[in-house]
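The structures considered in this document are given below.
Two complexes are shown next, each including chain A; its partner changes from chain B in the first to chain C in the second.
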Partner chain A sequence: MEDIRDLVAFNVDDGYIEALVRGYKSSLLTSIDYVNLTQCETLEDVRMHLNGTEYSTVLQDEPSPLSPSVIAEKCSAKLVLDFQYIRSQSTYPLTKFLDYLTYPYMIDNLVLLVTGTLHERDIGELLEKCNPLGTFPAMSTLSIVSTPEELYREILIDTPLAPYFAECVSFDDLTERNIEIIRNVLYKAYLEDFYQFCKKIGGTTEKMMCEILQFEADRRTINITLNSLGSKLSREERENLYPSIGSLVPEGTWKLARAEDVQSVHSILESYDLFRRLLQSSADNPGKSLEDAFIEYEVQLSKKTFEQQFHYGVFYGFLKLREQEIRNILWICECISQRHRSGISNYVTIF
Partner chain B sequence: MASSGGGGGDRLQVVPSRMTLTQIKGRLSGANKGHSMLKKKSDALTVRLRSILKQVLERKNQSGDLCREALISLAVAKYIVGEEFKVHILENVDKSSLKVSFHSENIAGVTIPLFDKVSMDQDSTEEYEKDTNDGGGVSNQGLSNHQFHSFVSLSGLSKGGQQIATCSENFRKAADNLISLAELQTCFTLLDEAVKVTNRRVNALENVVIPRLENTVAYIISELDELEREEFFRLKLVQNWKERESKSAQEERERLERTSQGFSSFESVPQRVVDGLTLNEEDSDIIF
Partner chain C sequence: MGSLLRSQKMMKLRLFIEKSVAHETISQLAETGIFQLSDLNEEKSSFQRTFAADVRLCDEMHRRLRFLQDQVDAFVKEPYMEQEITQEALQSIQLQELSQYLSDLENSVTEMNSHWETLKMEERKVAEHATLLLAGERFFQVAPKAPLSEYGTTVLPPDPERGLVNLPRSHKKGEESQSLLGTASMKGKETIEETILGYYAGFISFEHIHSFERILFRVSRGNAYLKYSSLDEISAMNISLETLKKEWEHKRVFIVFYPGVALGSKIRKICEAFSVSLYHLPESEVERYRLLQSLEQELRDLETVITSTQSQREEAFLELATQLPLWKEKVRREKIVFHAMNMLNYDTSNNVYIADGWCPFDAYSCLEECLDRAQKKAQGESPTVVEVIQSPKDPPPTFYKLNKFTVVFQNVVDSYGVPCYQEVNPAPFTIITFPFLFAIMFGDIGHGILMSLVAAILIFKEKQLIGKKLNELVQTCFDGRYLIFLMGLFSVYTGLIYNECFGISLNLFKTRWKFTSGSSLACGIDNCVDPMANKPPLHIYPFGMDPIWSRAQNGLSFLNSYKMKLSVVVGVIQMLLGIILSYFNASYFQSRLDVYYVFIPQFLFMSCTFGYLVVLIYIKWLTNWNAPSCLSNPNCRPPDLKSTLIGLFMSPNKVPEDAQLFRFQGEIQSVLLFIAIISVPWMLLPKPLILLYRHRKSKVVANNHEEQRGLLDKDSTDNYLSVVDDESEESFDFGEVMIHQLIHTIEFVLGAVSNTASYLRLWALSLAHSELSLVFLEKVLYNTIYLQHPIAIMIGFLLWAFLTVGVLCLMESLSAFLHALRLHWVEFQNKFYNLQGEGIKFTPISFST
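Now for the complex of A and B:
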């Protein structure tokens, strides 16, 4: 029933933008492009090869000694431009959806700014380092804040992140350690909220996005577990950071919260088909970490969004694929500039 | 007089006397002793220098590899986490996690600096471990004491924490290597300088000071010998004179005895007596 409504009404508002995104998708680098890039001897060669792709205009005006980070920065700038263009063309439910996509960056930026203000850094300097996808209007005024309460009252209340803050964080202890935890708590709240939003939209969007978000949540859960094993994050704190969505909930998260070493984490994950496969693939290749396997699966999911029509998942998929593409370019450039030929093919081919 | 010195060449301007000879001989033996000691020092330093050189080479080769590895692991972390994590970590650093302290060691009279690495969060890890052993570890006080360490282990909590940890581990290794390389390098230059100075001293003693002293000794000895020979010659001369004198005196006496036995046998005797007398007077004038 809902699918039919999608079919009938989708193109009224979002048809043009979906077509736009599919157009962008077709200009993503192909495996042939990647092979060409890996053959490059210098970053100048990379520039030459990129000139034949959608990034042709990006590096045109760059002065000659290129660095990998400059290339990545310029490519990200193009992604930001494209994304902002899409967003400016969109109407309500899609606008909201696209806003949701920017929240993770907003969380990162906010955390960065708060850390910076704690150390009394220059706000202007910090703003340059913020991800432009996650800008919010009140960002530059953050310098007036001196206490955590003020931060909340004056600034956060106007951002879309306010509800996440309100429910998750008490401001008594804004120390460095807690900031890292706050970031994860915020992200957890964001994921759950986004999940609910996608459910509300329903139809194919719900089907597509819920799978992706569940995987994202599981991935966070596993990563948090693995990364906190040696640290002194208590079991309760750890469990608090796990998102309440995902295929691991509730049994898997309960077990993971009590895992003490890598072995036990692996044995818990063995009972889930997807994660057993991912673990297996990372165990088979010595140069591949579990993280790489996650990234590959994420790319796979993102590609899948393009196989159906009339839903919002394509926007998410497009953003993720472009990000992955930029990471691939960055990796290849780093390998070239450090003459690390052996690892250069560790990128994830998208198409 | 100058050309009469033994061996020619360079020597000290001294008055050749027995006292100077003793002095110069004393100086010569001092110089020989100093020479052998400096030689030993230079050998000791050279041995040390060689071993350091070996280590420096080894470390240099290593440091290339280690730095490469560190940069690659940084690239991996960037790939997994994204370019931004750098900024987050930078913002959270308020004190250095690695410091270098310095003390000095004495090798054969040369002071060389030694660098010690003082790892700051190593301490906090240890303290933390002590904490957990003592009180179960989750006390708030314990946590606030070790914010730094806990932050490092929590960065990239949701993504790429392991990659960041490997990266930091690799960079730490590279830094350790660089510290020890710097230490060896400083040692090397200082020791090299010291060896050069010592060798110059050894050579100066061997080729300049000792030969000069030896020349002086030889010169003094030859001068003294010559004086002795002169003395001997004079004594001989005096002895000859005396002998001749006593001989002529005896002849005179014999002749007088003979004349007293028969005056008529010689006519010119009075003349000769007079001659003998005048000769005697003249002799006494010349000799004494």
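Now for the complex of A and C:
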């Protein structure tokens, strides 16, 4: 029933933007482009090749010599521009959805800034490193806070992250460990909230996005477990950080919270088809970590969003694919500039 | 016309160019624009090619030139003379030197800019500081004064309701803190003041001020007080601020007071985060005055420096501006040359470049001259060798020698599809048929004259307008000026035939009908002895429609019948022309199969059905239905041609006696129908069958060959066999050919009906046009004239004129244009054009844009 509603009414508000995004998607670099890029000798060659793609105008006014970071920066600037254009064209549920997409970047920026100020780095320098998709008001004033309570009261209260932060206000001070916990708590709250939002939208969006978000939650759960093995994090604390959605809930998370070493984590995951496959693929290729397998699967999911019409998943998919593309370009450029030819093909082909 | 009917003969050449001459040769070829290079390095990506580095250099220079142009555009306001671009000037520039020069220029300009920026920044700072001092004075002045207790609290004036209470400091913070300051400075109690209240003053941009205020409030928990004002409010400014005025519109002066040192450092951080510029604001009036004096002096000094720098910059940029176009052209040309050279193949054993490409047959001598010139110029040792490739693999490109008149019509054809090499080009026919079909739909003398006048003006101003950047609509009209001119002239002609001028019928030759009191119907002027008889005139109106028809009640049905028939006649003739052109194609390419089994049955089918209809129309037109012999015969009545046409298919040999137009009509119709029916299988079957037969025969021959060879050498035959098999399997698939032919046949037979019907749009649009202009004329113009009020007439006329130009001349003409386009692309061209797929346009390397 809800699918039919999508079919009938989707294009009223969101048809144009969906078309736009599909256009952007078709301009993503193809495997032929990547093959050509890997054959480049210098970054100037990369520029020359990119001139024949969607990125043609991005680099044309950049003075030589180029550096990989400049190329990546310019490419992400384009992504930000495109995203903001889409955002400015959208109407209510989609606008909110697109805002949700930017929250992870906000969390990352927040953590980056707080950690940076903890180490007394220059705030201007830190701001440059922040992802422009995740800017929030008063970002630049982050350096004045010294406790989580201040952080909440003075900075976050104005941002959409405020409701997610409620649980962290009780921390005494900002240590690195606490910041890491804050990050995970925020992320957990964000994922659950976003999940509920997608459920509320319903229809194809729900189907598409819930699968993606569940995977994202599982991935976080596994990563938290792996990273906290051997740390001082207690079992309850660890379990507290697991998002309450995902295919691992409840049995998997219960077991994972009690896992003591990598081996036991793997054996718990073995009973899930998807993770067994991912573990297998990372085990088969020596250079490939579990994280790489996760990224590949994420790209798969993002690509899948484009196979159906009339839903918001395409926006998520587009953002993720473009991001991956920029990471690929950066990787190839770094390999070229460091003359590290052997690893150059370790990018994730999208199309 | 000969050269337009078929594309120019092309020859494929291979040039062997000495290494040192290559660049010069390519640039000479690009100068003349007669040689289309084939890419010999297709498998290489753009950065793997030989001259990738040079192309990159050009790109880099382009970037620098763009940068310089931006700078020039931003700083040079007055008009300047651009240096003329001449061959000599272009030749004299060396690319490497220019590149070096440009990079130096870029550096010096950037340096100059950064210097300028610092100067400007300095000026802004000083000016802002001075302004702040003035504003600070206001801040302090308006503060109310109150006594201060020893603990830094204020004693409020007695309040009748509350009595004498010492309120905590957080209440009514604003007035308090200011008054504190005021009193502190007056009494000189620095010690107390410093420990209690500090303040910062500065400039902040307007959009940040609210979030700034909010965060101040949160951080200080309401203990900081912010006051700000816009710069307009500070009127007493004796500093010239013209340059900064704009920037300052978005800025506000603020002062913030706070208690405590810890909060102070926090607020300082916040100020930094908001990129606020803070300035020193001394407490005492004397100090402020002294500081202001020194700042004003500084500002004056800065201004003199700025003016002198400004004039220097302008001079430098002005000089740059004159040179820029020349450099741009040079770089553009070099880039074209290097792109072309990237398509060449380098022969390492002989140190020569190999260039493959197409050249028009006629331009061969020109090409040779060109090569010669290049060799002399570059002082090459050996001349460039030209080799003609006899049987090239790729199809030759299509090239027409066009002039400014024919190019429009060729574009009309090309937008549908580029003609194949040496295929019959519809463009020369389009020159006449296109405006004619348009005019049938747009027939009106007045509108036609307006249209051709506009086009004539564009043609007249051609020299001034060409190459200029025009608005999109004007540009479209300008590009099609000759087409529009012809369309206008033809519309005048058809307008004369329809006898319509802005919807009014002209009585040019005196109408041949008159109304008499004897009858409600009209009778001919020279044949009105008995008015009741309503005899037609003996001598008819000499040209076009008699104007009486516009007033006649049956005028519309008369015109409709005339225009409908006209549409069918024009349509059938144009389609027959298309079919005949397919014969020219077939005979030119010596395809007897297409002549005998495609052209002939198609022609017969078309002429026996709708060609016959045209003949019937003419017979009906030419018969004098009012002749005495006819009037006396009860069977001599104008027949309904539609039912005759239907009768042709249903019962060809039985024609009702009162519908017979000529003798033996039934027999002739039977024969025609028989031919038409026969030609359908004729179109369908023989061609694929003959192709199959030929294919079988060639295979048998090949097999025989193989058997003979098999005795001699087994290995070679295996190879040979496989080659033959591959080729034949690729080239022939009977099913596919049959289906292809079936589709073509069905399309043609059904198309004959539907295309003829499609030509009726000529009538429909013509009807719409004349009715619309009549409606505007009567409802808008005549109705207001009947009111006999000058203003009403004026409004009515203006409205009518606007509607005539806007709706009739622009919108209606656009729709008529599109329909004419469709009739050409679909109904006319599908008979013969692009049946074997599209051709390739000739794109020579050329410097011209």
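The working rule: the second predicted complex is superposed on the first by the 325 of 351 C-alpha atoms of A that agree within 3 Å, B and C clash if a C-alpha of one lies under 4 Å from a C-alpha of the other, contacts with A are read in each partner's own complex, and residues count from 1 in each chain.
Criterion: a contact is a pair of C-beta atoms (placed from the backbone, for glycine too) under 8 Å apart; a residue touches a chain by one contact, two chains touch by 3 or more.
Bear in mind that the values here come from a model prediction, so they are computed numbers and not experimental data.
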First (chain B), second (chain C), both or neither touched by A:49: second
First, second, both or neither for A:334, with chain B first and chain C second: first
Touch count on chain A, higher of chain B and chain C: B
Which superposed partner A:184 touches (first chain B, second chain C, both, neither): first
A:232 touches, of chain B and chain C: first, second, both or neither? first
First (chain B), second (chain C), both or neither touched by A:289: first
Touched partner set for A:63, first chain B, second chain C, both or neither: second
Partner chain(s) touched by A:157 [first = chain B, second = chain C, both, neither]: second
Which of chain B and chain C A:123 touches, first, second, both or neither: second
Residues of chain A touching chain B in the complex: 68-69, 72-73, 108, 111-112, 115-116, 119, 121, 126, 129, 131, 175-177, 179-181, 183-184, 187, 220, 223-224, 226-228, 230-234, 241, 289, 291-292, 295, 327, 330-331, 334-335, 338, 340, 343, 346
Residue ranges of chain B in contact with chain A within the complex: 68, 71-72, 75, 78-80, 82-84, 87-88, 91-92, 94, 128, 132, 137-138, 142-144, 146-148, 150-151, 153-163
Touching residues (chain side chain A, partner chain C) in the complex: 36, 39-41, 44-45, 48-49, 51-52, 60-64, 123, 137-138, 140-144, 153-154, 157-158
Sites on chain C touched by chain A in the complex: 45-48, 52, 55-56, 59-60, 63, 66-67, 106, 211, 214-215, 218-219, 266, 269-270, 272-275
